Structure formats: structure tokens, C-alpha cells
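Down below is the structure, laid out as C-alpha cells.
The first chain written gets the first letter, and so on, giving A, B and C; residue counts start at 1 in each chain.
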Amino acid sequence: MIDDSTTAGTDTASTPGVPVLTVDALTIGIGSRNNVKSIVKGISLSLTPGRIQGLAGESGSGKTVTSLAMLGLLPSNAVVGGSIRLGDTELVGMSHRQLNDIRGRRIAMIFQDPSSSLHPQLMVGTQLTDHVKRHLKLSTKQARAHAIELLERVRVPNPDEALSRYPHQFSGGQRQRIAIAIALACDPVVLLADEPTTALDVTVQAGILHLLRDLADERQLAVLLVTHDLGVMSAIADDIAVMRHGEVVESAPRQAIFSTPQHAYTRELLSSLPGAEGFQEATQ
Amino acid sequence: MRKRWLKIPAAWVTPLGVIGAVIAVVWVGIAFTARLWVPFDPLGQDLPRLQAPGIDTLMGTDALGRDIFSRLMTGASVTIPLALMLVLMSLVVGTLIGAIAGYFGKWVDELLMRLTDLVMAFPTVILAMVVAAALGPSLFNAVIAAFVVSWPQYARMTRSIVLGLRTQNYVMAGRLMGFSPFKTLRVDVAPNVVGPILVLASLDVGTAILLLSGLSFLGLGAQPPTPEWGSMISAAIQNFDSWWIGLFPGLAILTVVMAFNFVGDSLRDIFDPTSQVSRAGARS
Amino acid sequence: MSELLEVSDLVIEYHGASVVRAVDEVSLTIAPGEVLALVGESGCGKSSLARAVVGMEKPRAGSVTYRGSEVPLLGVRRRRAQFTSIQMVFQDPNSSLNPRIRVGQQIAEGIRAAVERGDEGSQPEEWLDRVGLPTEMVSRYAHELSGGQRQRVAIARALAARPSLLVADEPISALDASSQASVADMMRRLALDAGAGLLFISHDLAIVRLIADRTVVMYRGMIVESGVSDRIWNDPVHPYTRALISAIPEPDGKGNLPAAPAAEAPEEWRSRLPEALDRT
């Protein structure tokens, strides 16, 4: 394992309990100057090392846009207000160059569809080592050793062989594991996971959930988990924020969200679950 | 259903579409009536030669003392109807072949598409030369040469649309409800083919005019003394300082081609129902 | 019992670079007024089976019989009236509706199919109402509706044809989580109201157990477990069914990680257990 202090930079040491990424009154609008459609309307969140922050909501609630904003990956006609701070660094208004340095190195992301986040024509090894070589300035040999280590960590079988295979030669679950390995390559402090298991079968999903939980614990990663699936939320999120129409309607520790939901919308979401009390009511 | 066609769609209101439609209609009007009202006989050589534009001869006269204005207007009735006919012929033949290939698939598709590839391999101008050499240079032979190479684009487009539609769920749903093949074609397939084909055709009118004028310019189309725009420009080369001889036919070609292209572009917007939504600024 | 649909020893193969057997000797039946769920993960052959039931897929071997006669392949020719009482709802609501025809007219096509078969006529508005949509939607186009609304329209159109057998291929997986359970429940109610059999295909066992009388679990083209839904859910016998059920994360807020299989696709999942079939 590569030592944290030498590679991850020094300005944001991850101290347990202290938020490493803070979103404050974030607003995002998309559109031309006189026709801006407001998508995120002032949300606040914080990500703490070792904890998984869930962001729940239906399609169109603004949860994906929020996570993209943390990486500066919004379309060019987006208007962003408020603040996103990584340690002491303000990310809103940062130049593309500066963001590029932070993206992948300090904040990494995994997506719903692992086959579209991996380059189909490059070997897995190339994709893993390129990334490492560029950001960590390792030699080819060191990078290869690091890549094998990463694949072992995400439990891809036969990591040695896996390096010289192409993404399509892996199953969907393995591809998502490889995408996670790439995300972890530069020892990020924050991992954004946007619907990481939605495209996967439920038996495969279970394995990925275990992996994400373990990684958050042992690497003190601060994880933002964006998902509409309350089952997934319940399994691994520590804190949950429920979004609707660009606003966080309720934010609380997991247990509280499920046992004593305060907001009507949270209650509505919970009652729509199969087998939930009041489910029959909701369907009438 | 019918109302939708009577209502003027929002896309028509785009200034370029309106300008294009007006110019195109004016030119088509000229094409069909010019012979009735032109001031001079377009073939008569009884005016002073190379006379600059003035009060009696609006656009001057050419080297043989013919009135350019009269020749230009009559020229419209040579080129435009032939171009329209060419497009219509290509459209009917191409769409039919494409629809058959797409709908029946298998060896029918294979056979027709290889034929299409074969024809598309011919460069238009060289083919026109071959036809001219075989049948003698004439405007009608130029149309035949142009037709031979222009139907395949309709066939290809129709085939790809029909191929895509064949497996669409709503086509399947219709068949499950007992639609006859004719009804499937009329209700589920044709409306989705008409739009793109009309767009292609209206853009193609401009291309056809350019092609026919170009062939005439090279001496492979209209023969003297027929007042054709391409051959008029070609005649202007011998009297280079009499700028009016070439300028006005050139402008005529320019305006017609642009007009049809503008019409084609706004048709594209009309026939794509989703593009009207995006005009209203809604993001989906 | 007289069966509405009988699938026996059905085999479906795809011929590409190599032969892929998508459905491997599968047999099942559906009675009128019964909801049968077909459950399995991606690539297990459940969609191929659904397509074969309506005649969109050619069986390599075996047969699909509807009310005693073989379901013909949906070819270029017109489908005979006796088979228009088999209707289907597709997974992708975006391609289920013709983009250039108003919603009301598409439902009217379903009604026409019912009338041509000698069934009673109806109005498109009734069906919109039944699937929980405002009746004004008859004059809308598909692109003016949300995904969930489109799927409801597709369901309305299929029901308007007054089917005796409704095949639904993952009808809820493209919908928002909060409407999945209610749409599934609605389909069950409407199918049963009409006295039809419903073949409901899904990868979501948690929803299926609420609406299906019987469940069939497929893995790699084979049926590994089948029988009464509650029985399978509460006491799964086959190792694959067990893995499938225990991998579902329980939305109880307790932070329990679902059990993950030790390996991807272990060999035992492919075993055939006679005692896991036709459980009562």
C-alpha cells in the first residue's frame, strides 16, 4: 500500500470525525442567461472520512447533478452558486486546470454503468497504470505492482492476468470492481458513487456493497452514495439526505430516517416500498 | 389528428424557413409562367450585343444579343422542373427499394443493398460523361445520369429507418393487435419515414439544381441555344469583362439552392416532434 | 384444470459466433385469472421466453400452446383474431408508444382489436382512468408524457384489447422506485378484474412475491425453482434462489449488509433439484 501522507497531499489530512468535504448552500441552474432552470436549490451536505453519506431521491431530484458539481463536471451552461470546500480549498469557481488536478487524485467517482466509464479498447492494466503514473509519478514497474495490489483489494480474481484483458472480457460486476480500483488508484479522500449498483444483478450488487463498506472503513474514505434504492441505502449508508425537486427535505442518520421519518415525502418514499406498512394504501 | 397538419407549427415561424419558402415559391412560380410574360424572346438575337444592364434590358444582353433577363426567367423553367422531377423520381424509387429491403430483410435486403453500393461507387460527373458519350449530351440525359446516382441515398435512409422501426416495441404492439402488414406500414412505419425523407428531398432539390447546372456548365447537359443557367455562366467565361452575363445566372442558382436548403432545415424541425419541445426550452 | 397457456420443453437458441442456448427445456403453465411471475437475473432467458410466448421468437424445440393451439410466429402476415387476445407490455416505455399518434388513438387500436374479435367496445378515456391517468391525456403525444405515464398508457392499450393473457416483460424496471410497487399491484388488479392470466417478468423478487400467485425462478436458461410465491420466498430450497433472496438488501434502516455469494456464479447454482420444482 502506498503511504497516505506522501501521495495524497498534505493540506487535507483525513482526521476521523472532521468533515473533509463540505457543501454549503449549493445552487445549480442550467440554461442560457435569461432562461436558467434551477436544478439544485441550496443544499448543504458534509462528507466525513470513514462515513457513507447517502443521497436519496427520485429521477430528476437533482442528486446526480449535485455529485457532478463536486467534480466540476457540469455542462458549460451551468450556473453554480454557494460553496463546495475540500479541506481548505474552495472548488466552486476553480479553473479547469486546478480541478483536473483534484479530480481523480483527491476526489474520485464511479458511475452507474461501468462499461461506459472504462475505455473499451484499452487493456485494464493500461487504464489502471496510466492513471497512477500520471498522478503519482511512479515508474512502470511500480505502477504495475500498485495496479495488481488494487485489483486484489477490490477482489478481482487473478489480478495478474486481468491486467492484460479488455473490459468486455469481464462480467458487469467485475467491471464495476475495476472501475472502483481505478477510482482508488491515487488514494482519493472522497469517493462519489452515483447509482453504483443500479445496473447490476442483485447477487452481484451485494458483493459491491460489501466492498464499498469495507473501503470506507479501512481507508477512511468519505463516500457520497447517490441512489434511489432505499434497500441499498439501508445496507451501507451512515447518514441519509433525501432530495426532492433540488432541495434536501430531510437529512438524518440512517436509523432515524427509517424509523422516525419527519418529512412527508420521506414517509411517502418509505411507504411505497414493497411490503411496507401502508403499501396497500398507497396503491389504491 | 388532422388538426396537427393544419395548424402552423412553431418551427415555420423561424425567419430563415419563411424566407426560404417565399423565395422557393417565387422561383417555382417563375418557372411555370416565365414563357408567358418575359419581355423578349429568350432565343431571339435581335438586341445590341453585350449591352450593360439598363432600362430596356434589365440584366443586359449577351454576346449574341439575347436579353439575359428573359433567358434567366425562362431558364428557371428548364432547370427547376427537371430538378424537382429528378428528386421525385429518386425519392419514389429509392424509398420503395429501401422500404422493401428494410421490411423483408434477409437476402432481399442483401441483394438490394449491394446493388445500392454498386451504384454509389460511381462518381456523378464521370457517369454523366459516360451517358453523354453513349446517348449524346442533352439535359434529359444529364437527368438520367443524375438519377442513377441519386436514388441510393433515399434507399439507404429508408432502409435504416425501417430496419430500426421493425423491432420497435410499438410496431410489435400493433402487430400483436392484429394489424395487417399494410396497416403497420401506414400507421407505424410510414409516418416515421415521411419526415426524414421529405427533409432529405427538400435539401436535395438544391443539390439537384447545382448538379444539373454544373453538368450544363461542362457542356454535358443543356445544349445551345437552350437558356440554362449553367450553360449561361459557361458562356460568360468568353466575355469576362461583361460581368452581368455570369453574375445574374450565378445569383439565380445561389438563391434557389439556399431557399430550398432553408426550407429543408425548417422541415427537419417540423417533422421531429421532439425538436419542438427542445425549442420551448424544456430539457428531458 | 384447463390451462390458458402451456409452454412445454421450450428451447430457444441464438446462432452467432457460437450457439447460445437462452432457454433450455422450460415448461410452465398459466391458468385464467392466475398471476405467474418469472424471476431471474440478466441473461437468464426470461425475456426470450416472454418473446416466445407471444410469438416474437422462434422456438428451436418444444411448443407454446394458447388455448389448445400453437402460438404462430409473428411474421409479416396479419395475426389471426384468436391470438390478438395475447397482449404484451414491454420494458422500455419510450419505445412502446408510436411517437406520431395521439395516446387516445393508440388505445383505440387496442379497443378495435377487441371489437374485431367480437368482444365488447369501450372508450379510450375509460382505460386511462383505470390505469390512474387523467382522461384529458387522450389528446397527448408520447413525448409529452413522463416515463411512468407512458408505461401506464402502454398498459392501458394492452388492456383495451381485452386480453386473456397479458405478458409483461420487466414492465416496472424503468420506473421510479416509488411507483414500481404500485404499478405492479395495479397490473395484477386489472388483469384479474378482466379474468386474464398474467405472466409477469421481473428481476425483483421483493415486488414479485406481493403480486404473483406462483413464481418461477430461472437461472441460465433453466427453471431452478418454481411454485407458490410465498413458499419460495419464505423457504427457498435451491441454492440459487437462496442466494438471490438473501442478497436483497432489506430497507429497514438497520444497516445490515445483504449476504454476498462467495464466488460469482458458483457451480451449485446450476444444479437441478427436483424437490425445488412445483412447490406447493
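Things worth noting here:
The criterion applied here is as follows: a contact is a pair of C-beta atoms (placed from the backbone, for glycine too) under 8 Å apart; a residue touches a chain by one contact, two chains touch by 3 or more.
Everything quoted here is computed from the prediction, not taken from an experiment.
Among the remaining chains, the Cα-based centre furthest from that of chain A is the centre of B. Chain centres defined as mean CA positions place C nearest to the mean of all protein CA atoms. Counting C-beta pairs in contact, the chain pair with the largest number is A-C. Separating the CA-averaged centres of chain B and chain C is a span of 49 Å.
Separating the centre of chain A from that of chain C, both taken as means of CA atoms, is a distance of 34 Å. Averaging C-alpha coordinates per chain places the centre of chain A 53 Å away from that of chain B. Shared interface positions of chain A, i.e. residues touching 2 or more other chains, are not present. The set of chain B residues that touch two or more partner chains is empty. Chain B makes touch with chain C in their complex at residues 1, 103-104, 168-170, 172-181, 187-188, 191-192, 273-274, 277, 284. By the touch rule above, chain C contacts chain B in their complex via residues 54, 56, 74, 76-81, 83-84, 86-88, 90, 92, 95-102, 105-106, 109-110, 112-113, 116, 141, 143-144, 154, 157-158, 161. Interface of chain A with chain C (complex): residues 58-59, 171-174, 201-207, 209-210, 213, 228-236, 238, 254-255, 257-259, 268-270, 272-276, 279, 282-283. Only residues 41-42, 176-182, 185-186, 203, 205-207, 209-210, 243-244, 247-261, 264 of chain C touch chain A when the two sit together in their complex.
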